[in-house]
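You will see two complexes here that share chain A, one where it goes with chain B and one where it goes with chain C.
Then we have the complex of A and B:
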């Protein structure tokens, strides 16, 4: 089964969703991402969904739960580049993704994540970067 | 019996064409559609002649059932005529009378042909009535449908006209709403706003509801949906232009907006500038009227 790649950039994990999300893919992503956050000690997660054209309630809920899991692990989730049609669909489905920060594009999303890292005096990536087990 | 009637009618139409058309022209001329000046006599006569010809053709192969295939050209022609009248602003009476005014000349012709044979006359009159009534109804149906279409289009145009998205500054958009928000309009508003956010790469959108007459729970819900959708795109929303009465109504109704709201668009704009790290200053304290 194919999986969505997760890239690590400093203290941030970047996921870009380039394919149509189906349910198993979404579940796998949540699993991989959680494991990755724990392994790398990432503080920010940037999910880029500008290529995502179709969402259903399940995918919407997955985004919420990814954000919730990340928050538990002290990483903040930013969803970037949502298309207007997707935004309308999610709102109509009653999924307003409260608790997830949003950004218009990757650039702004990255700035948001970086701003948080800098705020916490951790601008140069993960604290565990140097001494990984 | 009915075939009989159709035959009688067909004979009358074929043999008495000139007289029927002449009488029809006269009654059309007396009708109000010509006097209103919306259509010229020559055009009306051309239409009448075409309709008459198609009616005769339809009758010769399809009997008196105006829904039969042989009447298709006639039905299409009548639909066209009716549609154009609806758009030109004819009254329903004028439109329906175009067909119904053909009755009298046909009845006259039937009487001339079958005065001696009462049962043939009755059958012919019945056949003519049946066909013409159906055609008249069809004209009205198309007329009404066209009017609905016109009204629908106007509604859509109003919706589009009244939901412009304006760019106030780099990254700051304003959406002045005018008129009541219903679900259909909310959809248009939302789409316009979100597209504008993408196009302008906006960070802040100000939704100004000065022109919204009342804010009840439903309107508030629609507003909140728009705000939520904009937030999903990564833009913050500020609601402005809440008039005193509306603020009171909202509180009394228990409507909560749960978004940043400002009394005026100017306040909202100032906040937006502040949030994007900008400031409006007066260049010289002595110069009045210059704000930037």
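Then we have the complex of A and C:
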């Protein structure tokens, strides 16, 4: 069965969706990402969708679900590179990408994820004031 | 209004939903729809094909290129022999879902189309027709 590859770059997992998503592929991606967050301790997930010609409620639900599970596992999801026509259609469809941060392109998306890592001092040092200790 | 091209595709699996999208894209390009309109009709088709599969237990779609005067359009008719929809008005409401979906399929498909028509009979099946004009 084909799967969507997941790359790890520092504390971030990067996924580029290049194919027309079908059910099994979507489910496999969700499972793989979840397992990889746990295995690597990643704090950010960047999903690049500039190749996607449509985002329907099925794919939207997959993205929302990935973001929700990631959040529970302490990783933040950013979806980057949505095509303008897809964005227009998504709004008209009425789909809200609840809990998902979006970025215009992969570069800005990466900056968003990195900002979170820096903000939290990557788990050590003085920048953690106000946290739960 | 005349039909200048017509083809029927089965909707029996998730892969069929992908094929429906690809075919609708080809026809949308064929009649010269712009990128945004293409995206809208493909997305609407995807929602309806998934409804046919998930709620209708599978069925088929008839994709037609229609012409009215000088205007060309793409008309899609989704049909299933499933349980039917008891309350269409309720089913059209955003975020209403009888299953695991987000409940945006019917209302969303309507908003993404120029024409929308639904007929459903309990125990007989459902037919949804949408059209997008150039």
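Methods note: the second predicted complex is superposed on the first by the 122 of 133 C-alpha atoms of A that agree within 3 Å, B and C clash if a C-alpha of one lies under 4 Å from a C-alpha of the other, contacts with A are read in each partner's own complex, and residues count from 1 in each chain.
Keep in mind that, in the parts below, contacts are C-beta pairs under 8 Å (C-beta built on N, C-alpha and C of every residue); 3 or more make two chains touch, one makes a residue touch a chain.
None of these values were measured; they are calculated from a predicted model.
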item	value
Partner chain in contact with A:53 - chain B first, chain C second, else both or neither	second
Touched partner set for A:31, first chain B, second chain C, both or neither	neither
Touching partner for A:20 - first (chain B), second (chain C), both, neither	second
Touched partner set for A:80, first chain B, second chain C, both or neither	first
Partner chain(s) touched by A:61 [first = chain B, second = chain C, both, neither]	second
First, second, both or neither for A:88, with chain B first and chain C second	both
Touching both chain C and chain B, counted on chain A across the two superposed complexes	83-84, 86, 88, 92
Interface residues, chain A side, partner chain C - complex	20, 22-24, 53-58, 60-61, 83-86, 88-89, 92-95
Residue numbers on chain C that touch chain A, as the complex places them	14-15, 17-18, 21-22, 25, 35-36, 38-40, 42-43, 46-47, 50, 94, 101-102, 104-105, 107-108, 111-112
Footprint of chain A on chain B - complex, ascending	187, 190-191, 194-195, 197-198, 201-203, 225, 228-235
Partner chain B, residues of chain A touching it in the complex	79-84, 86-88, 90-92, 96-97, 102-105, 108-109
